[in-house]
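Have a look at these structures, which come just after this line.
Shared chain: chain A. Partners: chain B in the first complex, chain C in the second.
Presenting the complex of A and B:
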């Protein structure tokens, strides 16, 4: 049996480990599991980045027909990741700061940091600079739904009340 | 009575004189021998240098030429792979030491980077394939033989790189770990099965008891990390996979 990479319908290139049946089983050997967790983490972040997905839920492993199907399942070898396994991986991702439980105080939904918050800040600032909106007051809506699609299009807003806005200043002196 | 040295005090002088001339003669003789050897060595060196410079590229790029060259070297008692320290001018001239070290580094690279998925055991053909991939087309073809030689040059590092025979197949082990008999048997069967193995296969093919099969497999999962568990197997529900017996494209 040869394990090869696979291009999904959405055009994402799955790594060869995704076609290995034991990849979908939580390993009892902790050292082995940490390898798998690392691979899963990398895969989830890469896919999220590719499809601009910000949220991953445990439910995504429980049901079919969602945007995570291509990664959480492999129909070609008839395997899927079990919710308990996914939950373990999410916990590890939160622990390593590449994801955060959102909202807090639950463990079934995470916000994925396929860019770190600092990197997002950089992206935001660059966007404001390049679109000449420094020092302008922007609503969050302006940022998430700009007339010209930006890297920030569709970014989820956390803890924001209606009508709030920001003003981005030019960086230090 | 006639004595060769004669008698009397003069005999001492005479004997001493003849000793001296013998010594002179012997040193003259050995000096000429040394000179002769030197000139021979010089000749050999020049011939070798010429050979090396004309064939260096073929030695590096053509595996069968390299093998023939290595055989020739071993028949005249020269080790072309001896490092710069041990082999001196010989290794320097050919650049063979460097070539071999370079290959050694690539072998370590592949072994270490695949260790997490195969538990430190890689099949020889797979290793050759991955090293070749790493070297790219310009690196020339390499053979199992080259890999074996390079692994030997890694020995002084004490990293435990070793070629082991598992079920008639060569595997390279990059962790210091002894394989017991049952594990070797499991690996051999896994290779025939493309990596997947279940208790039943061991019971049927090896005539093991179910307990022995389970113990061997569980040990490989829990203790050694040589096996991965798959609890969604269609037939048995619980199957074991040996990553080092699976063929990975990346």
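Presenting the complex of A and C:
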């Protein structure tokens, strides 16, 4: 039985492991599970970057018809990730600092850092420079919804409420 | 009424000390008391002195000491109550009386009087002096043997004559026995009772006919009724009321109640009247008319918490003695046990020697025409041997060829090793036979081994603790070596080399790689082990990370549909996986 990669309707190339049924089961063996979590983290971040998704909710695993369907379930082998498993993966992602609970003090929704906050700051600075908007006062709306589509389009600014990078940079000018 | 039934009239003109039994003692006295009979004042006993002794309670009337004084046995008292008094009501002590004397009200007098004559013990011929309390008088003062029969019953009038020589209290109580209680002049009552069978005119106080022993119509009072003209002028309203409250009250008009009550309690507690009689509970011949009050008094003495406690004590003592006896027996048996075992071993050796000789003989002439005969003989001989052996084993004495007992092996280590050898034989069978629990099975649970081994032993069973001690020695005596293994769940098994953890993991991985994912049941079938064992073993392999699980199909689509989904095992495809998806 050979596992093969698969390209989804949106053009995302799913890894071969995604078609292995054990991939969707939480493994009792901790060593095995850590590999599994690592692969899931990579898959989620890759997909988020590809689709420009910032938020992942536990509900996405429970319901169908949302943008995460292609990753969180595999209809070809009739498997889906269980909410408890996903919750475990999200916890691990938060612990490794590639995601943050948003809003804080709950564990059902995360903001995905498919770029680190520092990287986002760089992106914002480059964007402001390239569009000649340095030292210009910009509203959040200007940044998240510029007339010309940028890398920052659609970024949820509430996510950086802890003050890292973007907000101070944007508001300080 | 209670007053009449339970008390005995005494001559109050005599000093109280003279009224006492020899073994009786006065404890307290109080003057200025009145008596209530039941709930009502007793008109004749309103001013007098009460004395309390170890056995009795005396009331000496102040006005008419001769007629209205009485005594009452403390044994009648079942319960006491104290009332402190209120305003003009004086303090009172209520004595609840047992109803035991209802029938014996008449006979009591006779009974007591018999105690007041001297009598000779049948056993030791000791002349018992008169004047003891009734209970004490029933047993011989020297040897303690109860007075077996009361001769008085056959010659009832005699005590009256004898009693004239006795203390005057007895005389007075005899002469004024019943009538004085009912305030009835003695002369008015018929002095004899005609026997219904032989018409002999018996004395009034007899209860059975002197001539023919027929029971007499016991009621001079009934006789009185038949002659209404002789009825007392002041009839007692409660005369026939048997259900009336059985109690009397002592009213302390001039104080002293508290001290008196305390003494009364103490006297009741000490039960002096019983203590004397306890050595020999009187066994008066039942035909004797005097016997009736006796059992009553005994039941009174034994009832209550003290009686129960005494019973418990006695039974506990008996049990302890029995237990000690039993243990002695056991010790004796243990001393003998070694000898018995030795005897059994010797016997068994002889049997074995005989059977080997027989088999040697048969093997010498395998082709001779007699071979069938010798074979028969050799077959018959083991039968006898088996019989002897089985009877030995039924006695709990096993022989040397199978079980090894602690007695045979002084050195415990050697004992364990011998056991291990024996277990190895149970598991793998002896070389010639094809039996043995692990002949065809590679893995077997420990409980099954233990059960099977003990069944094979039959007697001198091996406790689990010893069994566990034996297990580490097992590989030395088995080939291929059988080893013990404990799974994460605590399940312990014995297994042959193909079932070691590493071997099984390798085999399982190979199987999965070759034929794809498998359920636990499929693995169990493949390996020829039970489902539970397979589960444990795969669990162990999973813990080492060689396989991974896939918990269910159908869960992806409709929730709940995956309820029947089965766990499938996959080779661990995460190890060494290289990302081949979108970068």
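Quick note on the criterion: the second predicted complex is superposed on the first by the 158 of 173 C-alpha atoms of A that agree within 3 Å, B and C clash if a C-alpha of one lies under 4 Å from a C-alpha of the other, contacts with A are read in each partner's own complex, and residues count from 1 in each chain.
Following the convention adopted for this analysis, a contact is a pair of C-beta atoms (placed from the backbone, for glycine too) under 8 Å apart; a residue touches a chain by one contact, two chains touch by 3 or more.
Everything numeric in this text was worked out from a predicted model, so none of it was measured.
Chemist: Check chain A with both chain B and chain C modelled on it and let me know: fit or clash.
Modeler: clash
Chemist: One more residue to check, A:12. First (chain B), second (chain C), both or neither?
Modeler: second
Chemist: Counting touched residues of chain A, say whether chain B or chain C comes out ahead.
Modeler: Ranking chain B and chain C by residues of chain A touched puts C first.
Chemist: Quick one: is A:78 in contact with chain B, with chain C, with both, or with neither? Answer first, second, both or neither.
Modeler: both
Chemist: Output check: A:46 vs chain B and chain C. Expected answer is one of first, second, both, neither. What do you get?
Modeler: It touches chain C, and chain B stays clear.
Chemist: Using the superposition on chain A described above, determine whether A:31 touches chain B (first), chain C (second), both, or neither.
Modeler: both
Chemist: Residue by residue on chain A, keep only those touching chain B in one complex and chain C in the other, then list them.
Modeler: Common interface on chain A, chain B vs chain C: 1, 3, 5, 15-17, 20-25, 27-29, 31-32, 35, 78-80.
Chemist: Using the touch rule from the top, collect the residues of chain B that touch chain A in their complex.
Modeler: For chain B paired with chain A, touching residues are 116-117, 194-196, 221-222, 225, 228-234, 239, 241, 243, 246-250.
Chemist: Can you check the complex and tell me which residues of chain A touch chain B?
Modeler: Spelled out, the residues of chain A in touch with chain B are 1-5, 15-17, 20-25, 27-29, 31-32, 35, 78-80.
Chemist: For chain A, which residues are in contact with chain C within the complex?
Modeler: Going through chain A, the ones touching chain C are 1, 3, 5, 12-18, 20-29, 31-32, 35-36, 39, 42-43, 46-47, 50, 73-75, 77-80, 82.
Chemist: Which of the residues in chain C come into contact with chain A in the complex?
Modeler: 516-517, 542-545, 548-557, 568, 570, 572-575, 577, 579-583
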